[in-house]
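Look at the two complexes coming up: chain A is in both, with chain B in one and chain C in the other.
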Partner chain A sequence: MEEYLHHETQRVGEIVIVGPPGSAKYEFINSLCKDVVITDQDVIFGRLPVGKDLLLFLYGVGYNGKNFDFAWDLIAPKMLGCIILFDWYNQQSYEGANKILDFLTQQFSAPLVLAADVRSNSYPIEECLFSAGITLSSHVRFLFYRSSDANGIRRAAVSLLDALIEAAS
Partner chain B sequence: MLIVQEPLLKASFKLEILRRLFTGAAILPLLEGFEAREMIEARQFIWEKTIEFGIQTRGKAFSRDDITKRMKPISWYQKEKGCKEPAQKCRATDCFYTNPECAFAMAKDQIEAMRRVLMDYLNVTSKSEG
Partner chain C sequence: MNLNGQKKPQILLVDSAGPETDALLKALKKEGLDLHFNQDTQKAFEFCINRPPTMLIAELEMPLESGVQLIKRLKSNSTTRHISIMVTAKEAILEERLKSLQIGIDDYVSKPYYPEEVVARVESILQEIESIAETRSSGEHGFSGNLEEMNLVDLIQTLELGNKSGVIYLMRNSEEGRVYVEDGKVIDAQTDGIEPEQALTNMLTWLEGSFKVSLQLVDRVRMIKEANREILQNGTKLIHQWRQIANQLPPLTTVVRSIRNGEGGYVTKLEKELLSLFSEPNTILSGIESSKMDDLRALELVKSLLDKGLLIKEPSVHQANDPLAKNILERIQQERRRTESPYSRIASFFKRKSNAKIDLEVDRQKEPAAQVSDSRPQNKASVTKIKVPHRVRLTKGELLLIRQKILAN
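Presenting the complex of A and B:
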């Protein structure tokens, strides 16, 4: 229980996990955090301690294809960074992720990681070619992952942390 | 004074380029109707990815020549068009504004050449080749 408490000396950062309907936001957050809560506002919330000094709040929020909901308005202005999840092999999911991506890159300068879920399929390219994240622009990276694979999920989170460190340095 | 221009191409466009590269789909249809700056940015983005994946897959054996040897030399375009401008103008982006027909054709040829190099690096089969 001790590790979930927010110590006064701990810095808190807020990370948004967003994706079109069907993207595995719960699986993603649940894989990283030990206690995950789904709120009344349909926000998935988890705490991720990073060492002793940093606690990340992960917010999984939806996108309905037209605009962002109430939860998004509250969280987005404070977010350190964002991970966009989508299903690589689902055209609707891909198109949804494109809309989110353009919205976020036009509205915010926070680092973004685009994580494309290949589900149980093989990766389209060799893993070593995207493991560090493929750069789309100075603050957007792309990688593949599997929503059933904890290591891939961790890699996406680490890619965002790397981008945050780079942006801060 | 150095003026840094904001990129014109949306992040989703770059994602679509990656998607096409990873699935072996053609890129040129995406570029129809592009203006000069968009074409220059698209070519630059694909060039950067070609270099990145080239270094990752070939390591020390990587050479720029792997890419440029698949492209027609500038002299070919000059001869084709009877162009007397210095080659330096062609290497830069001046021609996109002074001789757009030739510059756009060359950029498209270069992008297609880079796509083919990338197919090799990524071990992806081109859809157009079946």
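Presenting the complex of A and C:
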């Protein structure tokens, strides 16, 4: 299994995708990686080889409204950042996203992207805002996306990477 | 086939001889690359002029001329500026030297390195070069889209990230413009009869319309003196100002007309000039485009004239008579009312973040612990004591590779 994950010379980046139930985490990860498994602990794990020497791991983590069943102590110190998914039109999902945001901003300094899934509905606000996204702070970006649209999913992932690239510049 | 039409990509390694260099040469040869090695930067430069390689791997600390100087010479020469470059140096000096290199390099590796790591990175860069070459040969020379999705600031940033050269074509309403980018830097801009600097400033606020980016070699005299950083900062500021004003106006496609042609008191010369463009019913955007002043200034004046009542909305004939049009307008109004809640919802995220920011300031005073609990902490006092510092373990080059991979999927 270890060999399957990566070998010693490979460099690994890790992104955590987190969201309340029904926030389409599997669809999100599956759209970015061909190689996706669900572990015994209900963590969705996606593996994206970027080159011979570089890998991206995506972890899909659920939040049941009380706690996370996830080994944050192992992942958090080296993760690139988190993407919080939630269903824009579902009040419970929205409240869950708020709690997750509280948890992550209080515990970690990593960049975060809040991705609001508008499903198949029309954009809730002007399309220019939908497309451009909003920078909430130096650490948090907000954007709308559709879980059924691979381009939107890519845009959300790229938004996190852009935050990291900007920080590295 | 590579960009130079050769079967094997050609790599030039510029470094002093030694066991580390030998190991790297051996590892690169194993990959079947057309490999050349030079210890003299002047000879390396001449080699690049006569036979530009696909890629150069240059050590920054060389005895006669520094690698930084060599790279600057190559980047300032039209024959060699497109060679992909990877630099190597001891970690202690790498960061400082990279800062002095205000030119594009594709990747860097600190010494001592594993030859396999360098080979892997070289392969990644060669794959990127090949992919660009394939895109060009397949006739796809760029990309296109809507300015609502990507405005000029976003487009410049995208080309800058990849050190790409090309022309950005912008279309808004009846206007067209071009921005020329060379190796990621903006060098010229054109719209009808306006100076390049002013044309660029105007186009930075084009937030509706379409664009097309044509990736190609650009060979023009540099007309824009500002560095990209200044342009982007200015652009972000202008967009913010534009949106602030535009949000207080009806949609820019709204037809308005002047109720008098600027005659009488309390109208400035510029306002009078703008009013004359609306003597016949005209959309706000068309009026701004026709005006000789810069777009943002024209927008400000339109707002001022609307506030003064010197510009009024042209009533639509359909609005009054057609029941179907009435129904549609009513639905639009309903939708506008409905969309007020999304703003407040997003604002709640802002509010939460600003609270969290206060916590962060408190945390900075304390040494962060390396341990995080698995479940959500129960009280806030314990939360503020535990904060994991964020350290990105990947290089900028690696992040860019991941970004590219995601977009290419």
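Following the convention adopted for this analysis, the second predicted complex is superposed on the first by the 144 of 169 C-alpha atoms of A that agree within 3 Å, B and C clash if a C-alpha of one lies under 4 Å from a C-alpha of the other, contacts with A are read in each partner's own complex, and residues count from 1 in each chain.
By definition in this document, contacts are C-beta pairs under 8 Å (C-beta built on N, C-alpha and C of every residue); 3 or more make two chains touch, one makes a residue touch a chain.
Note that this is a predicted model, so its numbers are computed, not measured.
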Touched partner set for A:A76, first chain B, second chain C, both or neither: second
Touched partner set for A:L164, first chain B, second chain C, both or neither: second
First, second, both or neither for A:T105, with chain B first and chain C second: both
First (chain B), second (chain C), both or neither touched by A:L114: both
Comparison of chain B and chain C by chain A residues contacted: C
Touching partner for A:R154 - first (chain B), second (chain C), both, neither: second
Contact residues of chain A, present in both the chain B and the chain C interface: 94, 98-99, 101-102, 105, 114, 124-126, 128, 134, 136-137, 140, 142
Interfacial residue positions of chain C with respect to chain A in the complex: 114, 116-117, 120-121, 123-124, 127, 146, 148-151, 154, 161, 207-208, 339, 342-343, 345-346, 348-350, 352-354, 356-357, 359-360, 370-377, 380, 383-384, 386-396, 398-403, 405-407, 409
Chain B partner contacts - residues on chain A that touch it in the complex: 94, 97-99, 101-102, 105, 114, 124-126, 128-129, 134-137, 140, 142
Contact footprint of chain A on chain B as seen in their complex: 7, 10-12, 14-16, 18-19, 22-23, 48-49, 52-53, 56-57, 122-124
Residues of chain A that touch chain C when the two form their complex: 9, 11, 13, 32, 48, 50-54, 56, 66-73, 76-78, 80-81, 88, 94, 98-99, 101-103, 105-111, 114, 124-128, 131-132, 134, 136-137, 139-140, 142, 150, 154, 157-158, 161-162, 164-165, 167-169
